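Both complexes below contain chain A, partnered by chain B and then by chain C.
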Partner chain A sequence: MSLKITSKVENQTALLSIAGEVDMCSSPEARKEIAALVKKEIPRIVIDLSGVGYMDSSGVATLIEGLQMCNKYDGKLVVAGLRDNVREVFELTKLDKIFEIYEDAEAALTE
Partner chain B sequence: MTKTIELHLTSDPPLLSVMRAAVSKVCEIAGFDQMDTSKIILALDEACSNIIKHAYKGKTGQSIIITCRIKPSRLEFILEDEGEPADVKKIKSRPLHEVRPGGLGVYLITSVMDKVKYSDGTEVGNRLFMYKQRPKDAKK
Partner chain C sequence: MDEPIIKIRNLHTSYGKRKILKGIDLDVYPYETLVILGRSGCGKSTLLRHIVGLNQPDEGEIIVKGVNIVTASEDEKNEVLKKIGMLFQSGALFNSMTVGENVALPLLEHTPQDENIIKIMTRMKLGMVGLSGFEDFMPSQLSGGMKKRAALARAISMDPDILFCDEPSAGLDPIVAVGIDQLILNLQSAMRMTTVVVTHEMASVFIIADRICLLHEGEIKFLGTKEEMKQSNDPYVVQFLERRADEEHLDPDKYLHELVGEP
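What follows is the complex of A and B.
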């Protein structure tokens, strides 16, 4: 199952919107898109996950990788719009303490 | 009375979504709510992903059999593959304080399910047994 991914960059902030199920099959697509933004050293990357109905540990690993790459150039990667089951994965893995999590993309963009 | 469902799939990552849909229905029949169903699906998905990655080293077209047993008190799963046997002593998750990609699959499986047991000493393949207690108010 492929993901639907869109991205736009405005005022030094990137909004990457992901829709679909993020698993070992589809997470490389997300990884590629995040890596492209990181390569441009965009100061703030907002990942909108409101369209993600499922995420496994490979999806989580993709986000951790993005966060760590961002940290290397003092950038910031935040996530927004987590559905309950995706939020649960963050909580189970204690990543809710590592990532900045916003209610929705709008809140993350206006921060 | 035990209700049994057997799922046969090959080690092709796109089939994981089919497995998830089937397990979702099994959980529904067993009386789990949406949140527990999501967690059980996650555990099964992680277990199948591990079979594909580690037992079959990413080789597609190989056998994975998932037996689901809805028992009066619990929902059991047995996952069997014919890949490289794992060294059970080496199966572990990374410490959560080490924030790095990977190593969370086993942690998620063990934190979601009530019991997880890997068979040891097999010459070919692996067998993973796990279960979760059914909700007390579930229709038996």
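What follows is the complex of A and C.
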């Protein structure tokens, strides 16, 4: 199943909104969009996951790679709007320790 | 109650003339841990091999995630199997590959993921089984318990919906065995998997089972919860719970003839 992804850049901050199920088949789409923003060295990338009902470990790995690439140019990649089951995946993989997590995209953008 | 994720109906199988499974009917429900219990040779591993499509039955239906894998085409079967993880009794790691390569193999074979993403996923799965930092080790450099953990990491590499474990604690010391049981329990809960475990270790059963299926001579002798099993009056169930050996029926005359070598 393909993802619905929108991207908006304003004031050196990118908002990448992902909707759908991020799984082994669809996560390369998200990876491509994150890589495009990283290539432009956007200082702050907010990934809104409020539209994501399911994320498997390939989705999680995609976010980790994005975070690692951002760190290389001193950028910041944060996530927002995690639904309960996605939050559980973050906790299971201890990603809640390495990602900045915001309640929603608005909170992440106003930070 | 949810629709079963696995439905087995009238399953018969045999090895040559020897009947192994004699009309098994069994449902497995999403997110439960079902333990298939029975003494050696009762058909429990055979049942597991049929569910994952490794063996073809003489008769019957095995419906996994809506697909009858007895009659499904290879392509249909492979699609179902991608979301199934299997922990083999021996671990079945490839000895010529590193631990990391073993875990990454299903991802390289069955997903469109980039190598860098697969490396991250592999490290995550090794971390989940407590083997962070062991990705470059060869299986021969690991202890028995660590090998089982590595095999478990490979079994969950594709984020399976159903995890099958064949004698997960066989050959391990009791402390390591409890650790493996606890790990299976944690993963099952965290990854929301349905788990089917074959074992004859009663200690494991009472740690991990939601329901127990006791097989005896190819038939289901008991199916129910741990509590129901403890309350059962069935002599075989009681014998199993009390870990009593079979009573010996000795024919004195026959025994004497055997000893003195007379026909």
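Keep this in mind: the second predicted complex is superposed on the first by the 111 of 111 C-alpha atoms of A that agree within 3 Å, B and C clash if a C-alpha of one lies under 4 Å from a C-alpha of the other, contacts with A are read in each partner's own complex, and residues count from 1 in each chain.
Convention: a contact is a pair of C-beta atoms (placed from the backbone, for glycine too) under 8 Å apart; a residue touches a chain by one contact, two chains touch by 3 or more.
Because the structure is predicted, anything quoted here is derived from the model rather than measured.
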{"item": "Clash or fit, chain B versus chain C on superposed chain A", "value": "clash"}
{"item": "Touched partner set for A:Glu88, first chain B, second chain C, both or neither", "value": "both"}
{"item": "Chain A: partner with more touched residues, chain B or chain C", "value": "B"}
{"item": "Touching partner for A:Ala36 - first (chain B), second (chain C), both, neither", "value": "neither"}
{"item": "Touching partner for A:Met24 - first (chain B), second (chain C), both, neither", "value": "both"}
{"item": "First, second, both or neither for A:Asp56, with chain B first and chain C second", "value": "both"}
{"item": "Which superposed partner A:Ile64 touches (first chain B, second chain C, both, neither)", "value": "both"}
{"item": "Chain B versus chain C as contact partner of A:Ile98, first or second or both or neither", "value": "first"}
{"item": "Set intersection of chain A contacts, chain C complex versus chain B complex", "value": "23-25, 56-58, 60-62, 64-65, 85, 88, 92-94"}
{"item": "Contact footprint of chain C on chain A as seen in their complex", "value": "23-25, 27-28, 31, 56-58, 60-62, 64-65, 85, 88, 92-94"}
{"item": "Chain A residues within the chain B interface of the complex", "value": "1, 21, 23-25, 54, 56-58, 60-62, 64-65, 68, 84-85, 88-89, 92-95, 98"}
{"item": "Partner chain A, residues of chain B touching it in the complex", "value": "13-14, 16-17, 20, 34-35, 38-39, 41-42, 45-46, 49, 52-53, 96, 99-102, 104-105, 107-108, 111-112"}
{"item": "Residue numbers on chain C that touch chain A, as the complex places them", "value": "107, 110-114, 116-118, 120-121, 124-125, 127-128, 158-159, 190-192"}
